[in-house]
Every structure is written in C-alpha cells, then in structure tokens.
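Order of writing sets the labels: A, B, C, D, E and F. Residues in every chain begin at 1.
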Amino acid sequence: MGKLEQEFAAYRERMNARILEEDNRVIKRVYSVDSLAYAEDAGELPKQTRELLGLVASLVLRCDDCVKYHVKEARDAGNSRKAIVEAMSIGLVVGGTIVVPHLRRAIEFLDDIEDPAPGG
Amino acid sequence: MGKLEQEFAAYRERMNARILEEDNRVIKRVYSVDSLAYAEDAGELPKQTRELLGLVASLVLRCDDCVKYHVKEARDAGNSRKAIVEAMSIGLVVGGTIVVPHLRRAIEFLDDIEDPAPGG
Amino acid sequence: MGKLEQEFAAYRERMNARILEEDNRVIKRVYSVDSLAYAEDAGELPKQTRELLGLVASLVLRCDDCVKYHVKEARDAGNSRKAIVEAMSIGLVVGGTIVVPHLRRAIEFLDDIEDPAPGG
Amino acid sequence: MGKLEQEFAAYRERMNARILEEDNRVIKRVYSVDSLAYAEDAGELPKQTRELLGLVASLVLRCDDCVKYHVKEARDAGNSRKAIVEAMSIGLVVGGTIVVPHLRRAIEFLDDIEDPAPGG
Amino acid sequence: MGKLEQEFAAYRERMNARILEEDNRVIKRVYSVDSLAYAEDAGELPKQTRELLGLVASLVLRCDDCVKYHVKEARDAGNSRKAIVEAMSIGLVVGGTIVVPHLRRAIEFLDDIEDPAPGG
Amino acid sequence: MGKLEQEFAAYRERMNARILEEDNRVIKRVYSVDSLAYAEDAGELPKQTRELLGLVASLVLRCDDCVKYHVKEARDAGNSRKAIVEAMSIGLVVGGTIVVPHLRRAIEFLDDIEDPAPGG
C-alpha cells in the first residue's frame, strides 16, 4: 500500500468509526445507502462503471478525499489506469480548469497506489 | 420527438450558433474539446459509459440543461432507462437531497423522450 | 393555498411518485432518510429548528425548489415570518450576493403562502 | 429596453423593495455593501473592470439573474460587446462546460439589450 | 484549548488582522455584517440557533475552516454535542456523501474542543 | 521567491508534467485552451485584467491553488497589491463569508510573494 493511501485509509477508518459512535440514525442511514449504491450486486451497471460515476461526481464537486476513495475503488474494481484517467478527463471538461488542482492530487494518489514509494 | 426535447434542442441549437458567431477563439476551443470528450471513438471507455459520466457530473453540479442533453445522448448511445436511472441514483447519493428537484426534471425529460405526449 | 405553492406542490407530488415508480432501491432510501431527518420526533432539535436548518442549507446551495419546500415546512412547524427571514439572512451572509436572486424568489413564495393572491 | 431586460428589471426592483420592507438589518447591510463594491468611485479599479469581475464571478457560480444584472451594468459602464464576451470566455474556461447553458442565456440577454426585438 | 483549535484560532486571528490592514472598505463591511449576523442580541432567533444555521451552511458549502469556527461558537452558545451532530446530519442529508470528509474533520475538531489531547 | 510560492510552483510543475504524460487528448486540449485564455496577446482585454478575472473566478469557486496561481500571475502582469485586494473584495461580496478562509490564504500567499520570509 502506498504512503498516501495508507494515511488516508487510516484516518478515514478511524473517523468513520468515531462518527458512527455518535449513534445518530440519520447519519447511519446515509452511510448505509452509500454502501448500497456501490455494492457488488447493486444493480444494472457493473460496479466497475458505478465507481467511475462516483469518481467523476467527486471530481467535479472537487472533494479530494472522495476522489481518492473512488480512485482506489475504481482501480480495485478492474478499471485500467487509462480508463480512470479518461473518466477524469470528462470531469475536467465538465468542471473546467478549477478541477485541475484536484486532478493533480488525483494523479498523485493514483501513482501512489500503483507504484508506492519505497518505505510507503 | 417529445415536446420538452424539441424546445430544448431548438433553443440549444439556435444559441450555440449565436455564441460561435462571436468568433471568440477560447469559446470555440471549449466547444471543440467538449465534442471530443464524448466523440464516438474518443477512447478507452465506450461512448455509452462516457455519456453516463457526463450525466452524473451534470446532475451533481445541478445543471438542468446539461442533464437533459446527456440523458438524451446516454439513451441514444444505447443505455437502458434502468441504467440511466441507476447512474442518477449515484448522483443523488453523492450530491444529496439538493439534487432531488433536478432529478424530478430529469425523469420528466426522460419520460418526454421515451413516450412523447400526444401532439408533442 | 397560494398559486405558486399549489403549482409547486402538484408538480413535486406528481414527479416524486413517478421517481419512486422506478423502483430503484438507492433512490427510495434517500427519500426515506430525507423524511427521517425532518420527522416530527426525529431528535434533539425541535422540527421547528430542523426546518430552518434545511432552509438555510437549501438557500446557500441555491436550490429554489428546496427553498420553497422548507419555507413552507418551516412556517407550518411554527416559525414566524421574522424567524424565517432571519434564517435567510444568515444564508445571505454566508453565501454572498449570489444568493440574492434566490432570496427574491423565496420571499415571493413566502408572500404567496401567507397572503395568496385572489383566485390563487 | 429589450423584453427580457424589462421583465428582469421589473421583477428585480419589485422584489428587492419587498425584501427591504422586511426590515432585517443584516440583509440591508448586505445590500449596501453590494452597492459599495460596484460604486462609481469605489476604488482602485475602474467600474468598467469591477463589473466584469462581478460578471465572471456570477457566471462561474452559474447565477443567471446575477449574470444578467452584470451584463447590463458592464455594458453601461462602457465595456464593448467583445470585452464582455471575452470575460465570459474566461468564466467558461475556469468553470467548464457546465457553464455553457448559462452562457447561452447570457448571450441571449446581451442580444436583447443591444438589439431589442420589435415591440420589446 | 485543544491543539487543532489553538492552531486554527491563531492563524485565523493573525490573518484576519492582516486582511483588515489592507484598509479595503468593502472587505471591512463584510466582516462587520458577519459579526452582526451572529451577534448576541441580533434578532428573533437565539444565538444558539443562529450558530447552528451558520454551521449547516458551512458544512453543505464544504468549508472546513468555517465549520470549525461555527462548531466552536455553537458549542460555546450552549448547544449540546448531540444537537450539533444532529445539525450536521441535516447538512449531510442535504449535501450528500460529498459532505462526509468534512464531517470527519468536523467531528475530529469537536473532539478536540471537548477533550483536548494531552499537551494540547 | 517566497517559501509558499516555491512549494506551490514545484508541486504544480511536477504534477502537470505527470498529467500530460498520460497522453490523454482531452486533458491536453483543456490545458492548451487554458493557456490561450490568459495568453499575452489573447484578445480584447489586457492580460492584466484577464488575470484578475481568473483570480475572482477562482476565489468564488474557492480553489486555493487556483487563487495562488492567479495572484502570482496578476501581480506579474502589473496589477498593484491594492488592485488585487480590490478584485478579491468583489469575490468576497459575491461569494459571501464562505470565501473568508480562502481570502486569508490568498493574502498570506500575496505576502509571501511580495516579502518572502528570510530563507524563503
């Protein structure tokens, strides 16, 4: 696992657990519908495609952490690097150059996943 | 062609022509890269998938006209109604209930395309 | 019922029914968590306050239909006009002058609810 | 005065008056700082430039009414049509193709101002 | 005072002072209307509620620093942790899962305020 | 060169190069139209003004890296500090107090450019 990925996953896991401890029913249900939306057997479109949809939505809304999450999931679901970059290119066209800094961080994260720095 | 679709397409075509008459090089190039992004042979992902990506990006950014455009294109590219609605459901989860009014208009437009009202 | 309110409520009801007919589990669950969030007995804060929270969120995200919905709900939950306008003023400060056109439509809708035009 | 411009100005004026009747101090002050920001003698940059800044901000935030307002003000402050379109092109690049439908309405409004339809 | 809170407050104070040194009238007035909006005696709604409104607006607009500020103010104004989390849950429903990473940081900050790490 | 500027420029350059290595035609063209939009001889408005337009668009869309980039470019194109701050004040009015944290970072960056800390 790359260094960026490791840090992100650890923080994400720790704080998600903390949030669910609040025992707020509304929050819990949002977490649960989120899982359902990308679940293996959720529907008509393969998970591979649904993860790209989540990625593009995250990119145009410019949420770095959401992008990281879906980059990883999209890769694990079998998308090639080329397919992921192409999905990002759609996000860039729709969202404009304001997306560029987020694209930089997205590609950095993709590199981190695919070719972790030594010690990562 | 449905009534909503007809009105939308006519306005879109007329004003796009008007915009290109301005003869602004930057605008022209944005239009051209937009065409390229969704072109039949543009890349790794099939147009069918790329149109769903454009649709979800448009939905979470809550642009009704963009949603209409990609609903139509996504349908024409061979996506089933079920697949389109599923893509929208991803947008709804990512973007929240603020997306709901746009989802209403998107479904209305989808109905208009598939089953035009008499005289439409 | 005011004219604007009547039109909005009719369209909203019709299209929500249409959306739920799609039988998409993710969409249905989002609708259900939305109801839960503002339900009479949902939690710590009174519904009166939760509706103002939904209103301000809708206003800064600049969703006219969402604003209409929460203006009506906030009023019905017992908020005075003054309280509603004050909540909107917070949204205006946070969201900036870009919110102004939405504020205009929100006040128009509030007027429509409180003092329906004849024949409305 | 063009037809679109006339309708927009009338509604804007009527509802702004209505809003100020609410007698909410926060709202009043936001209106007042808004006037100050674009006032003839407000500062370092000429009003001509400040109106273009307001226009681009409105366009990337995709607020049609705000765009209309600043298109009119920018024109009245002495900007050529070419300059206004160029400012819009910056907004299009920064904001992406999601801006296109707003650009269409902006150009339509600019046409309406410059060459009102007969009877307008 | 927690460590996160301390760092945030110090930076905020230092840079706000720096900004006001610019002596720009428009900026100064925006700062002043911001203070007015949340002032102790500002209006119809108690400060306790107004801070929750500011919090939810900040959360759906996904501004981490704004969220931090209002979390602290909302707590100081007498809101329970449960009430703050419930307000956030409304923001999560309205704003969607894109809000989740901001919710994580918000809860982390709330923890930092309530139970500062040793040495914090 | 200031420390913040140095870090930002290095990361930006490195990752932009990495992105272009992906050899995605759509991304390349977006980069190229971005260059064109702010090019020395691009059009009707002087580069000095176009950079302010890019700055305000970036500020209201709340993209810190985009703001940094245009602050630097706007300064290099001959805008005074006062003019840059005034452009930012327009962004603050349009975008609301949600812009404030980004304004803090923008002013910090402007300070870094103009008066680099020792060793920067």
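Going forward, contacts are C-beta pairs under 8 Å (C-beta built on N, C-alpha and C of every residue); 3 or more make two chains touch, one makes a residue touch a chain.
This structure is a prediction, so every number in the text was calculated from the model and none was measured.
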Superposition rotation for chain D onto chain F, Cα-based, multiple of 5°: 180
Copies chain B and chain F touch via same or different residues, half shared test: same
Pair sharing more residue contacts (C-beta pairs) when D-E is set against A-E: A-E
Length of the line joining the C-alpha centres of chain A and chain C, rounded to whole Å: 31
Geometric centre distance via CA averages, chain E-chain B, whole Å: 37
Centre-to-centre distance between chain F and chain A (centres being mean Cα positions), rounded to whole Å: 27
Residue list for chain F, restricted to those that touch at least two other chains: 24, 26, 30, 33-34, 37, 42-43, 57-58, 60-61, 66, 86, 89-90, 92-95, 97-98
Chain contact topology (line, ring, star, complete or other): complete
Chain A contact footprint on chain D (complex, rising order): 60, 92-99
Contacting residues of chain E [partner chain A, same complex]: 62, 85-86, 88-90, 92-93, 97-98, 100-101, 103-105, 107-108, 111
Chain F - residues contacting chain B, complex: 24-26, 29-30, 32-33, 36-37, 42-43
Chain E contact footprint on chain C (complex, rising order): 33-34, 37-38, 42-45, 49-50, 52-54, 56-61, 66, 80, 82-83, 86-87, 89-91, 93-95
Contacting residues of chain E [partner chain F, same complex]: 11-12, 15-16, 18-19, 22, 24, 26-27, 30, 34, 57-58, 61, 63-66
